[in-house]
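Have a look at these structures, which come just after this line.
Look at the two complexes coming up: subunit A is in both, with subunit B in one and subunit C in the other.
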Partner chain A sequence: MSVKSIATPVQPLRIKRRAERRFRSVKSRHVLLALSVSVLLFILFSAVAPGWMASHSPTEMSESILASPSAGHLLGTDQYGRDIYSLLVYGSRQSLLIGVGSVLIGGLLGSVLGLTAGYRGGWLDSLIMRFVDMMMTIPGILFAILISATLGPSLKNMILAVGLSTFPGYARMMRSQVLSIKSAPFIDAASTIGASHFMILRRHIVPNCLPPLIVMATIGTGTAVLISTGLSFLGLGVIREIPDWGYLLSLGRSYISVAWWISLFPGIFISFLVISINLLGDELRNLLEPRSRR
Partner chain B sequence: MGTLLKLNQVSIDFNTRQGPLRAVHHINLEIGTGEIVCLVGESGSGKTITSLSIMRLTDYEGAVISSGELMFDGHNLASLSQKEMQELRGKRIGMIFQNPMNALDPLFTIESQLVDSILTHRRVTKPEARKLALELLQKVGITEPEMRLKQYPFELSGGMLQRVMIAIALSCDPELLIADEPTTALDVTIQMQILQLIRELKDTLGMSVLLITHDFGVAIEMADRIAVMYAGAIVEQGPARKLITAPEHPYTQGLIRSVQSYHSHSEGLYTIPGSIPPLQELPTGCRFHPRCAFASERCRQEEPVLALTREQHQVACWNTAEAGQAFAEYATHKETAAPINNLAALPAEDDLLVDIQQVTKTFPLRGSLFRRSKKAVHAVDNVSLRIYRRETLGLVGESGCGKTTLGRLLVQLEKPTAGTITFDGQDVSSLSDREWKELRRRMQVVFQDPAGSMNERWRISEVIAEPLHVHIDLNEQDRMARVKETMKLVGLNPDWHTKYPHELSGGQLQRVCIARAIILKPSFILLDEAVSALDISIQSQIVNLLKDLQRELGLTYLFITHGLDVVRYISDRIGVMYLGKLMELAPAEELFTRPAHHYTRALLDANPSMDPDHHAQSSISDIELPSPIHLPTGCRFHTRCPAATERCRTEQPELREIRDRHWAACHHPL
Partner chain C sequence: MFEYLLKRLSVSLLVVLGSMTIVFIIVNVLPGDIAQMLLGDTISTEKANELSSNLGLDRPLAVQYWDYITDVLQGNLGSSYVNQSSVQHTLLINLPSTIELTLTSSLIAVIVGILMGIAAAVYRDSWIDSVIRIISLFGVCTPTFWIGLLLIFVFSVHLHWFPAIGSGGLSHLVLPSVGLGLSGAGMLARLVRNSMLEVLHKPFVRTLRAKGIRESTIIFKHMLRNAVIPAVTMAGMIIGEMLAGSVVTETVFSRQGIGKIIVDAINAKDIPMIQGAVLLTSVFYILINLLADISYMYIDPRIRKMLRPSTQ
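Coming up: the complex of A and B.
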């Protein structure tokens, strides 16, 4: 090892690689971003105005049951002869509702806890964080199963279950964010100016915590959808006339050998949604946190 | 004396998205065998990238050597492959950096890193390498080398780590040592020791040294020859002594004059107007012309090149004759100006503003989960201090002496463990929240890092207006009017209020911080290393501003710093702290001309001066600063004091007035 390699051990290489990566990926990144935005827009439209997007009514049962994809039924039909594509379009509202709703619950609860713990510090911090750690040791899906099993299947409970199972992540992220901002000199500056705790929180700390929170929440929406489909798949979801994506996936299970499309297409929709949300989240991170860009 | 390294018309470009950006332009530099050359420049001058280019580390920084050649003993470094460079690096050229902590691997002991380095460069067996490692540590003056070898980097102090880095650099007997700001992160007494070490090593080993620094004082201490860089070009170079006493380039002259004016008692420091232009916006012609007092039409059109003006002395300037003449006049004038005794001019000590009485602050160390630690860091120990209205009290000391903590206690960013602090008659710890908020209006703070002390997402106007939001109910219009008025007062263009912090330079940002501090018309401002991070030409501008504001607004300052020159210039009285104790307190001039405490003496001795005849020295025993957890008994300074006696080891000296208004805590004052 030469003096140089001791002196600047990793940095140069890292910079070089990073530069290369950036160069190569600029174009493909734009294509991917456009794709994921279209996917999300499609799903969003479906959720808002399914009547416009669907080709059939979701409750309409045609003669052709378990028909494979064709011009009449784009993605085939299920065992009742319902059009899979239309079912997916109508089911998107529920999936999105669960995703967004549970993120709101989990994110809000987690942020408030993390903010309090990080800013207050001391025993309250220890108390909250031990609690969060405890929750963290229980796998999210298990916890969600527990809640929906005890509360019974309904949309509200599903949102609650998924939300509660994801809040520890938000709490942890928020706390570390608050801690790093709290030690910045401009917080000292603000308190020597005479700003109250409330003012410091409102004007300095929360705005500086928001970007990573937004990013995390975006990506979290995807995760929440995934958890909710998992629950539905296990039969803990909401049983309604129109099945949500996860339930549809599980319905198709029994017919997988004769009608693979019933399961496959919901699966594809779920993956596309989650992947698109993740890509968008990454892009948001680049946008909102300029420092992580380089 | 042969030439070891020769840079011939070297240019370095950064690769950016907008195309290549010229960072260094047509540099010529020579280093002879056994010579110390100093490359002096402010931030953004290109001195560091130049030094990296010699090691060809520029390749890793996204920069290329776009033209010219770097001849090192017959090889053109610019055309070697990285592999061939690897042969030279560390073997024939060694390098040390500003921050040794980053350069050492925290997971390995000093010994293994040193032995590794020896083994790659020399054909020796492992036990031999171990022996060599020990010898090297002795050579660089590390005490108890056997013990140090077994330690990890975090267990060593900054000064010792820099010695280790030097040892690693020496492990293969390099012919050239490149030292990039090797002492900037160190305290002044330690800095002196490291510089001395480099000089000794150069003498005994006959190696050449390229020293990169922003500090003219260091350059004068060390250099045989000095090269001055400005905005990517060398503007002047020549033998050190002559360059300092008779500089010919207006930029060099400006720098030297501003440094020297700290020692005069003139009203206001000498400053160079403006600031270094960013690389993207280099002016045409001479790159210094927008800031130059001698600029003529030709300077705006044509770029001057380095030309010989006297023996071995090169200057890149069209009007050297005029400039040289002007400096000569200044120099004679300066010598005749008599220093004034400012004891009489001190502010009256009747109007007490801040009274710090026997204040102590300890930070308990965190124990493990199961065992509470009884140990604590004694940051401030039983300090009493008074600050009078309209005066500037300077507080100096090296890192860890407690000066910053004392300041933070005063503005209640920390709560004292014991003692009382009274501000304008009110005991600050007994105030209700509302009273305390009222008091906050009258005491403000300016911190060291201007960029860090403002919310980067806010506009300048919002930053400056923050105190108004907190304390005064104003409508938008009145608030903006106040903000703009204050911006003018601190020398900022009021039209900039919509800018964001990252659009301003360091000096401008510090003006923003000052604007924020004065907008409520406080009576007291704590300046915590407020000018320490700024380049010298900017620093003098800010110091002048602070002085002007003090006069206009009747402010009282507590000026905390490690910079001795600045504190001498700006302060009426100065307190010296060491390991949490106030060691000496005296009027500024008195303290600098007749220090009474041995520690103060050592500090002053170690401070590099602008006088080429006066060498800074280390009058301190070569022992590192004790840790603030295990404090020495008796006088805290006795482990390093050259005059320590038995009494010093056992009995703690009290602060007492040894001369008129001159206090010192020493049993045997000077």
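Coming up: the complex of A and C.
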């Protein structure tokens, strides 16, 4: 469409064309959604049953070191002759665990704080929200670096570090959500007929807060994966026999001129996982929050 | 207006104090014995206790906190566990190169992001829009360190256009800035697209068209000015993101800077250095957001007007 055509009055033909284009975009959205669900299923299967998905044992060191992608080694081998594809398959469990685990921690902590602040109001609200404001001043990745550097490298600490660095966002969102629901007439009605605070929270406020929370948690899983791979890349990850995606990527850095595949494929796995999560989150938003549909 | 600035400034100072407290809490209150970690698991507890008392880690927390706050306010960030050198000295030497990278990548992010956003809005629902959507999705969802490595592979290893690692002249700055800037551009492009679309059907745009003003003038002079306002607050956030992202990007390109200091400190378990670097970065982050708030006021006359009656 040329720049000029925005100016001209809308003609029937143009309306038809626009409708067609919109139809096409809906169709392409469904294709994208199907693709991202398949990527997620693939990674989920790899995490649950890596033995089925991998072509080699992740610790098996073949004689062909730094071999380029071939039929024998689908995505090539690293400097020890390990199969990159199998390493990635075995590494997916950790990425998913960190993504989901840290969202559970961050989302739960943030939601409880946000709910309390929004529902109780008053000094407790100010106290919690000033605390959240302060947490927000330290950029997420730095916060996670600080926590995992003090706690030492382990899977549990990594989940804790990423979770704690993301909870302020949930707290802010939940609080504003609670505030907008709290003033609705049906809450007044519920308290008039004698419902307890717990009842109001459980039956009315929490269910109404869930849709945006679900969307945020979905997209937050992607962010958590990004932060955690960043931490592993910096050397703050879990040190295990099987490297996780971020660490594998950083190992490939020294071999970038001779063996690009060591770094390329972990990056593709990370990006595809995060993109799929994001697309799924967008789709969930369209489903759960029809008002915000673009 | 002056009153507003003063208020905003004092809030920022409080926030700095708050982030100092949080950094202190993480390092000192979270479980994890620093002395034990420094010496490794094989060392006896007596040895660890001795080191703890040498480092002053066995004093009451309140005393440690008070000393920490007064030291930091006097510009003393402590000394490194590794070579006893002064933390703030090391950080200040390396700060310029991080700021350089932050600014150039932010510039790239803002220019590319706004241009992509405009193009996506003007050619909305066309293939251009889809391509830009995909680019910005990749920009947001792809680890910056990976983009950096890809850039090294293509432009250094294969094309030999730019040096792969190290710091120095302008040529060393190109790849890291582009790599880091792209992720910011992705975020900004989505926002600019949406706010441009909102302006697109405003009556004043129709009036301008009716007057026969050139389409490019309408887009770049009239629509953009309105669409860019929400992008400015976002820009403050993006500069902050670039600052935090430079930590990782510096590692990829082996650039001198705060990021490299942090990574070296992580490997040496040099807690005071990590603590100082995180604090310094947070202070900059707060400063950038303050500047973004102030510039917001200058760009949008409505906000200035809103503030004026209180000062008169």
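Here, the second predicted complex is superposed on the first by the 268 of 294 C-alpha atoms of A that agree within 3 Å, B and C clash if a C-alpha of one lies under 4 Å from a C-alpha of the other, contacts with A are read in each partner's own complex, and residues count from 1 in each chain.
Definition applied: a contact is a pair of C-beta atoms (placed from the backbone, for glycine too) under 8 Å apart; a residue touches a chain by one contact, two chains touch by 3 or more.
The structure displayed is predicted, hence computed values, not measured ones.
Chemist: For A:111, select first, second, both or neither according to whether it touches subunit B, subunit C, the two together, or no partner.
Modeler: neither
Chemist: By the touch definition at the top of the document, which applies to A:185: first (subunit B), second (subunit C), both, or neither?
Modeler: A:185 contacts subunit B only, not subunit C.
Chemist: Identify the partner contact of A:208: answer first if only subunit B is touched, second if only subunit C is, both if each is, neither if none is.
Modeler: Touch partner of A:208: subunit B, not subunit C.
Chemist: So in the superposed three-chain picture, is A:177 touching just subunit B, just subunit C, both, or none of them (first/second/both/neither)?
Modeler: In the superposed model, A:177 contacts neither subunit B nor subunit C.
Chemist: For A:253, using the defined touch cut-off, is the partner it touches subunit B, subunit C, both, or neither? Pick first, second, both or neither.
Modeler: After superposing on A, A:253 lies in contact with subunit C but is clear of subunit B.
Chemist: Per the contact definition in the header, classify A:46: touching subunit B only (first), subunit C only (second), both, or neither.
Modeler: neither
Chemist: Looking at subunit A, does subunit C or subunit B touch more of its residues?
Modeler: Tallying touched residues of subunit A, the top partner is C.
Chemist: Is A:233 in contact with subunit B, with subunit C, with both, or with neither (first, second, both, neither)?
Modeler: Touch partner of A:233: subunit C, not subunit B.
Chemist: Could you tell me which stretches of subunit A are touched by subunit B in one complex and by subunit C in the other?
Modeler: In subunit A, residues 1, 3-4, 6-7 are touched by subunit B and also by subunit C.
Chemist: Sort out for me which residues of subunit A touch subunit B in the complex.
Modeler: Listed in rising order, the residues are 1-9, 11-13, 15-16, 19, 184-186, 188-196, 199, 203-204, 207-208.
Chemist: Using the touch rule from the top, collect the residues of subunit A that touch subunit C in their complex.
Modeler: On the subunit A side, the touching residues are 1, 3-4, 6-7, 18, 21-22, 25, 28, 130, 133-135, 137-143, 145-147, 149-152, 222, 226, 229-230, 233-236, 246, 249-250, 252-253, 256-257, 260, 263-264, 266-267, 270-271, 274-275, 278-279, 294.
Chemist: Using the touch definition up top, name the residues of subunit B that touch subunit A in the complex.
Modeler: Per the stated touch rule, the residues are 55, 57, 59-62, 86, 89-91, 94-97, 103-105, 113, 116-117, 120-121, 165, 168-169, 171-172, 411, 413, 437, 440-441, 443-445, 447-449, 452-455, 457, 466-467, 469-471, 513, 516.
Chemist: Under the stated contact criterion, what part of subunit C meets subunit A in this complex?
Modeler: Interface residues on subunit C, with respect to subunit A: 15-16, 18-19, 21-23, 26-27, 30-32, 34, 37, 122-123, 125-126, 130, 137-138, 140-143, 145-146, 149-150, 152-153, 157, 164, 194, 200, 209, 215-216, 219, 240-241, 243-245, 247-248, 251-252, 262-263, 265-267, 269, 271, 274-275, 278, 281-282, 285-286.
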